[in-house]
Amino acid sequence: MPDDATIIANLQALSGLAAFNAWLGIEITAAKWGEVEIQLKWRPEFGQYNGYLHASIVGGLIDTACGFAGTTVTKNLLASQFSIRCLRPAVAEVFVAKGRVVKPGSRQIFTSAELYGLGVPDKPFAVGDAILVPMD
Amino acid sequence: MPDDATIIANLQALSGLAAFNAWLGIEITAAKWGEVEIQLKWRPEFGQYNGYLHASIVGGLIDTACGFAGTTVTKNLLASQFSIRCLRPAVAEVFVAKGRVVKPGSRQIFTSAELYGLGVPDKPFAVGDAILVPMD
Amino acid sequence: MPDDATIIANLQALSGLAAFNAWLGIEITAAKWGEVEIQLKWRPEFGQYNGYLHASIVGGLIDTACGFAGTTVTKNLLASQFSIRCLRPAVAEVFVAKGRVVKPGSRQIFTSAELYGLGVPDKPFAVGDAILVPMD
Amino acid sequence: MPDDATIIANLQALSGLAAFNAWLGIEITAAKWGEVEIQLKWRPEFGQYNGYLHASIVGGLIDTACGFAGTTVTKNLLASQFSIRCLRPAVAEVFVAKGRVVKPGSRQIFTSAELYGLGVPDKPFAVGDAILVPMD
């Protein structure tokens, strides 16, 4: 099994291949088997009407943290379903999404994640889950 | 009740106020009470690893179509929950998301939407639903 | 492909094997490839605090209609995820749940269903969806 | 604020008013502000085709644990949405569902719960979440 620094480097390289992740500027800040943390620095073009983080990006960070957590366990996954609960308006200088594998499997990987402001993990903006399946 | 052209113009103005919608380039292409269609032209920066439309944007288009459909019924809504089923890889020149109000209410508006390629509504890439609540 | 009467008879036999379905008294009232309708006659022991149909049974009827619809397409399925939106209190003499396959697949079958009172399909009590996977 | 024994007694009385909970035989085994544990002894009539706990009851126990957790915070709640991830076939002599409030609010209470066999909390059969809203 690769060490954590290698997992981080591999995920960062993978993230760079996804054009939208590159535009966002997603950084992998921690990773081990079954668990990944990503960060995103706020930019005004991420906003919705009220200047909060847009639901697309709220969902996208949770889905991405889930997907990367799954990728530490099995390669070449696609999300088949994801679900987001928006608990509070998402406003921060730096957003953190932490994903984990809830149940690995050969045909489905269950994952969950939460999104919060850097340093404030106990006041999540949103929580969610994703079911990942291996690609053909 | 405003006519459909006015609903479209109002939604397009509202969408322009959301910085992320403006970056995406979302267009309102049809609207009436309880039902809205939006379109998005593909650009390479919307891609994930395989060049399919990124899950953030799949989810975002469905959530946005749901939100706009809700907005034809009640103003100043926020999504409290949304859920996305990814049926097929999303690849198209022009994406269409069609949202509708399933059940309006004073405290919660239930909505659903599907995402497909222009002209191919019977092969949706994704379907989803959102619960919207009026803001304080 | 079996005719519709055979599909109904097979599903009714299958339902009888599930002890909880037998206790409920679920009846298969229509079926064809990818689509199944079930009915349940109200009994007081199905109630929650207010005498509405209990959420367990609301969810169970939707999940069962989804599962039977999937079973017309592929055998030996288990639900891996299901999600229920409760639109209105569920009160009726006879409940009808109508399920359909949204997207069949070899590893996942996407389905959805709605629950309503007999004769009132346009005022659903609840709508929902399930992802079904073949058993090992 | 009532003490925990009073919370348990009140919830047990409430549960007894719900005919379906009474038929199931749900017991409140622990409760405090924002958190409730319930138990159910297996009976054969709870089974699906394979003799596992029926998805209706899997979902119902999670929804009930969520609802009771919410009830420690706000009275007269109804579930507006619930979602269940079925991780493993549910087989046990005694089932335990543990629910908690994730985010209380005046208009929506976000809750989550997991279901497992007595003494085996680290191998949950299912996890889920519910959004609860105060009744009119």
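Labels for the chains are A, B, C and D, by order of writing; each one numbers its residues from 1.
Operating definition for what follows: contacts are C-beta pairs under 8 Å (C-beta built on N, C-alpha and C of every residue); 3 or more make two chains touch, one makes a residue touch a chain.
Worth saying up front: this structure is predicted, and the values here are computed from it rather than measured.
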Remotest chain, chain B as reference, centres from CA atoms: D
Pair joined by the larger number of C-beta contacts - A-D, A-B: A-B
Whole-Å gap between the CA centroids of chain A and chain D: 29
Separation of mean Cα positions, chain B and chain A [Å, integer]: 22
Multi-partner residues of chain A (at least 2 other chains): 80-81, 83, 85, 131
Sites on chain C touched by chain D in the complex: 14, 17-23, 44-49, 54-57, 59-61, 63-64, 67, 78-86, 89
Chain B to chain C touching residues, read off their complex: 83, 85, 87-88, 102-103, 110, 112, 127, 129, 131
For the chain C and chain A complex, residues of the former touching the latter: 80-81, 83, 107-108, 131, 133
